[in-house]
Amino acid sequence: MNVVTILLLFTALLLTRVSGLRTAVYIILVQSFMTALACAAVGIETGEGHMYVAACLTAIIKVWLIPYALLNIVDKLQNVREDHPILSVNYSAVGACIAIVLSYALIDQALPGAGSRDALASAITMTLIGLLLIMTRRQALMQIIGLITMENGIYLVGLSVTKGLPLIIELGIFFDVLVAVVVLVILTYRLKLSGMSTDTSMLKKLKG
Amino acid sequence: MVKGGIEVMVSIVQALGVAFVAPLIAGVIKTIKARLQNRRGPRILQVYFDLRKLLTKDSVVSPTVSWIFNVAPYVYFASSVAAAGMLPIFFFSGEKTGDLFTLIYVLALGRFFLVLASLDGGSAFGGMGGAREMFIAILVEPALLLSMLIVAFKAQTANLGLMASHALSSSFSVTYIFGMIAFFIVLLAETGRIPVDNPDTHLELTMIHEGMTLEYSGKKLALIFWGAAVKQLIMMLLFVLLFLPGNAFGSATFIWTIVKVLLVAVGIALAETSTNKMRLFKVPKFLAVSGLLSLLALVSQ
Amino acid sequence: MGELLCLALLVPILTGLLSMFQTTTFGMKLINIIGSGLTSGTLVGIIYKIIVAGAVQYKMLYVDQLSAVLLIVVAVLTFTSSLFSVSYMEKELAHGHITFKMLRRYYGLLNLFFFTMISVVVVENLGLMWVAVEATTLASALLVAFYFNHSALEAAWKYVMVCTVGICLALLGTIFLYYAQVNAAGPHFQALSWLALKESSPRFDPAIVKLSFIFILIGYGTKAGLAPMHTWLPDAHSQAPSPVSGLLSGALLSCAIYGIVRNLIIVQAVVNQEFLQYLLIGFGMFSIVIALPFVLVQHDVKRLLAYSSVEHMGIIMLGFGVGTSAGVYGALLHIINHGIAKSALFYMAGIITQKYQTRQIARIRGLISITPLLGSMFIITILAITGTPPFGIFISKFMIVGAVFASGRVMLGACMLLLLAGIFAGMLYYCLGMTFGSKPKHPVTPLTIGKPAMLAMMVSVVLIVITGVYIPAWLNEILYQASSIVVGGS
Amino acid sequence: MMAQDLYYLMLVLFSTGVISVFFTGNSRKITNYFAHSMALMGCALGILCAIFVFIQGKASIVLPVVLPFGSVTANIDYLSAFFLALVGMVGMATSIYAYGYTQEYYQCRLPAMAGLYNAFLLSMVLVLTVSHVVAFIIAWEVMSVVSFFLVNHEHDKKVNTRSAYIYLVMTHIGTVFIIIAFLLLAIGSSSMDFSQLQGNLVSATWRNVIFICAVIGFGTKAGMVPVHIWLPRAHPAAPSHISALMSAVMLKTAIYGMCRFFLEFLGIGPLWWGIVILVLGIITAVIGVLYAFIEHDLKRLLAYSSIENMGIILLGIGAGMVFMSNQQLGLAGVAFSAALYHVFNHALFKSLAFMGAGAVLKVTHTKNIEQLGGLIKKMPYTAVCCLISSVAIASLPPLNGFISEWLTFQSLLFLPQALAGITGKVFSAILIALLGLTGALAAACFVEAFGITFLAKPRSKQAAEAVEAAPSMLLGMGLVAILCVVSGVFPKVMLTIVSQTLMGFSNVSVGGLVSDDWYAIGFTAGQNSGDFSAAATLLLLASGLVLAWLLYIAFGRGKVAVGETWTCGIVPNSHMEYTATGFSKSIRMVFKSIVHSHYETLVNANDYKYHGQKLFYHVRIQYLFVSRFYGPLKNSIIQGAGFMKSIQTGSVQLYVGYIMVVTVVILIWSIGW
């Protein structure tokens, strides 16, 4: 379990450093796979059947469908890279480290003794890193990836504090995540189609 | 016979009395002034003859004017006479009718119509005279009120009769000096005397009261002159009754009153001969002095 | 009863599917008018049931008086909005802004949107409620992006991004709540079932519940357009087609508020009351404060209305924040009034923009001399939305202000009133500019307002006027019950 | 009881008036006559209702309004009845007047106007009668909104819309303060019914707050300086019969509110309350009349004069409060009756003046008195009415204006008894002097207004072609004119009504107000007394007139020749006449600091230098409060808003950042709990 969480943390940290979209998508793929593993691990721990279902769902949706959609869009927009993020990769790495500290502070402060400390911490860190990505990356795709990271993080929080949510809710959440990503992908695609760059920091027409 | 009818009757009689005496006092002032200027001057009764002459004359009326023009002199005259009826010359009179504010506003009524009439003619002079008359009236009003308040506050009433009796009973004090000067200034301004207005001039640029009456002739002019004379006497009487009261200055008998009136006439004549007419926009300052003095008097009570 | 609930969920889906396969505009119109009529009818039926029978649970679905309040809003808006859409979209088609294909998509998504909103209100499980709320975002996102032009895409992007981030936080909060429940309750319990939570809430760990509520408040607050998470709101509202803007502002925000309230009921059992009150009042007041400058200086009519929505959400939060039964009553009433009035305003704004081919306030002139009826309705509704008597919103506003004063926060109430006066000044300034004044120089498209649209607006305006002087007994009952549910104890 | 039925019937009639316009839309004539007849009858019923109340004592009606605030009742006590009667009287006159006047508007949205006219009356009646906080505020705001629409009626002119906007915003802000005051009271006495509201249940500090809020709130409606700026804009913009109604009655609803608060709710307060009101009152009076004097727009002039009169009313109220807090209930009675009497008078003569102005406006289509003149020959009856109103406004005997002025003077005269010491004496002396100044200025102002408008030669073509106003308008004006004269000549009647109005309140005693003889009014409060005999004054005036007439005929009736006005030999024409600008010039110079003229320029309109000059003289007055206070305020608000808007930059990253920040902040803050 802990190994998995550490790996997850690693992928999250890695995300702050990549600038190639395709690479990022692969990292997300790995990350989602790890999440699925974690889910399964919890399943083994508690022996609750529906955790396996959840694991499979994660595998299907997050490891297969979502990366597939993302890779599609990556093909559509050739040689677009996250070259000049608002916060440069090094600073965002620093940010990630701060995130780690913050998350430990948070759980010690707010939820002492909830689940395994490291797992929870890494989960919250992932959430924070996801936020960080959304806040500091220009490319639409990178923001989507940040969102997914956040999603995964929160899902892991759920796993580590409550050993998973009831199945019906899990289903709903998965469905939502899928749709959300699809919607975002559609929007990105449309942005591309209507001859505009997918650089979201350019989207400043509506203000005031 | 309504209750309080007697007083009303008396005050009407008194009003008529004052009305008939007024030209005499005007004549007296003229004479004294002439004497002070080493002239023989007209007879004391000259004013009466003038009025008679005017009353017999035909009048010329502009086609521009409306009925306001014809009514105004009557209202002016009537308001002056009515005001005369409110004076507490005899103490039992003026009980019901005599009231500080009523007196002032009745006089204002006459002025209101006269100024309207001055505008009615449609000449620039009339308007100018009216405007200036109103201007001075606006400034005089607060000063007049303030100076009368000196007595009114002490007596805690606005009834002229009670005020006068209170003044009579009160002994001489520095308040009177202030009050006297303050009211005297107001008197000069209100009756259109030098240094505020020159009753004898007909020079367009300087005249105020005369400017208003420029369009008038004959009987109407006579009424206006007479009304002015009555108004003047009213102010003098007020001065005498409120600021030269009985036991402070002589006694309160009728004779004394007349004597005091004559004294005031002398005072006016002196003031007129010793000063010269001031610019129109100096008048506010002149009247401000009066206001300040009245406030001083209030404080010094 | 249960059947009714299922029906209410089913009808919109069916309508949506049917309209996806229509080939004629007429059929499209027919389907939707009938469908929305049915939906509203079912909802009215449900409300009636609630009035007579009180709260009802059916499997995963649960409705009580509190849901009834929201159902009223949804019922009215479902009906009016699809009525309005019929003629609005017809005009768009006529103008060539959209193609028939897009029309299909529009109606499909619209009905999906109805479905999601209804499900937010009727589900019993807080987890599912979260799912539903997120679903509303996704359903409406494509409606916001409907025209797929630059600004529409931009608005949609921000809408999805900001809201999803917020909603993720809400999920976090929900998970923490679940954690609290796990810790408190024994082995056997319905996870995140609202009723279960409600009865077992006193045993929860305050620290965790507090944490969870913070996340839930921020999460759903983002959806409800509370400042400073409101940033998506003006963009989405201004870019979406007007019927959708009306729905977003009138119903969707209210649904998000509903989510907050449901959780609030659980939370206030253990968490320090004062803390919660400060939190809610803080957000409410901040929203009003933030809305003011944007209303005072504004160039886009739909953005103007959007910011006024932010302000009203603030007022509602204040009502809940005061926490007294009167305040909650006022807040719930305000949800209804605001929903109706604001949607009507967005409809009118839609027609105005179609007429003048612009959303620039400066270029809209002399509305009342062009279409007197619309013009007078517009100014009346503006007066209503700014809380002027004798319209419904004044009543609810006054109740909330009164509650604020009664709770001893006199300065707060006074500041609120002054801020509202400022917003009144701003709204009215622009409204007068648009309604009166000389006719515009550039030509106005000669177009008659479609009967359905007119009907939709009429209905809303009449409702606003009526609620100003007459609150029927049943409504009063519902509101009273609902407020006692929120405040706890009856 | 009779009063209830009448009240209901009145409401019904007004409502029918409102609704009727939707059905009689096709024929303007029918709309006009039907709607205004409804208003007329409604007002008549209002008067009847008030009379019944005065005879049978207070009536209370439960209104059919279902709101979550408990039942809404309308309690008509003497105070309400007094103001109700006022609405009735003025309303009747304006309704009759409207028959003729609104023919102007047959092409200009008459139905809307007629309907709103009824709604306006309805709302005012409700304001004056309802006795429940919420109902009062609703009626109050409705009144504002309806009058706003009426002000904005001629919205083809941009300036009207602007005026209406300023009016509505100002009054809305005022309402905010009223709401605060009411809520504080309601919380203190834990009830929203007027009969339960008691300031004594509130702590002293809160009572002061309530007082201040009430003063600001109602003062805004009353056009009290410095929150008066809406008034001179709104009144001229409205159609004249509406202006008459607004100025004569709507402003009085504010006085009604003040009376409710100061006499009933708040109870006896500290001394400084009264002093504050006095100071505000005198400032309002002086500033108002000064601006009126230098104004050329006839209706603006009247509007400013309304401000002045509200100031005088406030003086009465303030004096009353000072006496109240000094436990001199008799004098308080005198002061308050002075205020109420002036309320009545102002309602009469100001409505008359506005109707007159409307008549002039209707035939000449100009409000600028510089372009009028000579109308007294064209429209003699209107001229007489206007003269009466002018004399009354100038508060000259024997008309009604003087009576209330006299009462106010009297109550101020006894002020030193309440304000001990030199300061008190000087303060009241200055008050009286300034009130005198106000009176004189008012006289001058209306000499100017009447003289320039009606006398001398016409100054423009449209003035030369003027014709007498329609008979219905003359009838409307005539009624009020007669009332003016009557209530001036027999003040006793009105004073009795006023004293009965005040009888209901425990904090003032009006026992001393009755004078035993029918032709005089007087009062005795403690050892203080004052009396004024209208009959005697009239007799004196009459004797003066008789004397004058005798003199006139005594010397034979001389011939009257016709000769042109003397203008130094030139043939006189209207360009030589004295202008309003010139008339007020000297005052402008003396009161430079207040009525500072923005610029005075002499423009030569003739292009060719050597072709002689065509000179125009322009004056623009800089309005102190607008230029010094409201203008800068507005600008700073706009700038601030512009600055605040920079938070919405459009960057999605930043938006997510906001969420992040607020989360962190709240998490940190929540640790403390």
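Order of writing sets the chain letters: A, B, C and D. Residues in each chain are counted from 1.
Throughout what follows, a contact is a pair of C-beta atoms (placed from the backbone, for glycine too) under 8 Å apart; a residue touches a chain by one contact, two chains touch by 3 or more.
None of these values were measured; they are calculated from a predicted model.
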Each chain counted as touching subunit A and subunit D at once: C
Any chain that touches subunit B and subunit A: D
Farthest-lying chain, centroid of Cα atoms versus that of subunit B: A
Most centrally placed chain - per-chain CA mean versus overall CA mean: D
Centroid distance [mean C-alpha coordinates] between subunit D and subunit C, Å: 44
Between subunit B and subunit C, centroid-to-centroid distance (C-alpha), Å: 78
Centre-of-Cα separation between subunit C and subunit A, whole angstrom: 30
Cα-centroid distance, subunit B relative to subunit D, in whole angstrom: 35
Junction residues of subunit C, two or more chains touched: 157-158, 161, 165, 211, 234, 294, 297
Of all residues in subunit B, the ones touching two or more other chains: none
Contacts with two or more other chains, residues of subunit D listed in rising order: 645, 648, 652, 656, 667
Footprint of subunit D on subunit A - complex, ascending: 86, 106, 109-110, 131, 134-137, 143, 200-201, 203-208
Subunit D to subunit C touching residues, read off their complex: 65-68, 134, 137-139, 141-142, 145, 152, 155-156, 158, 161, 164-165, 168-169, 172-173, 176, 179-180, 183-184, 186-187, 637-638, 640-645, 647-648, 652, 655-656, 658-659, 661-663, 666-667, 670, 673
Interfacial residue positions of subunit A with respect to subunit C in the complex: 110-111, 114, 127, 131, 134, 140, 143, 147, 150-151, 154, 157-158, 161-162, 165-166, 168-169, 172-173, 175-176, 179-180, 183-184, 186-187, 190-191, 194, 196, 200, 203, 205-206, 208
Subunit D contact footprint on subunit B (complex, rising order): 2-4, 7-8, 11-12, 15-16, 19, 52, 55-64, 66-68, 73-75, 77-82, 85-86, 96-97, 99, 101-102, 104-106, 108-109, 111-112, 115-116, 119-128, 130-132, 134-135, 137-146, 149, 152-153, 156-159, 214-215, 218-219, 222-223, 226, 280-281, 284, 291, 294-295, 298-299, 301
Complex interface listing, subunit D residues touching subunit B: 374, 376-377, 383, 387, 391, 394-397, 402, 405-406, 409-410, 413-414, 416-417, 422, 425-426, 428-430, 432-434, 436-437, 439-441, 443-444, 447-448, 450-452, 454-457, 516-517, 519-520, 527-533, 535-537, 539-545, 547-549, 551-552, 554-556, 558-567, 572, 574, 576-579, 582-587, 589-590
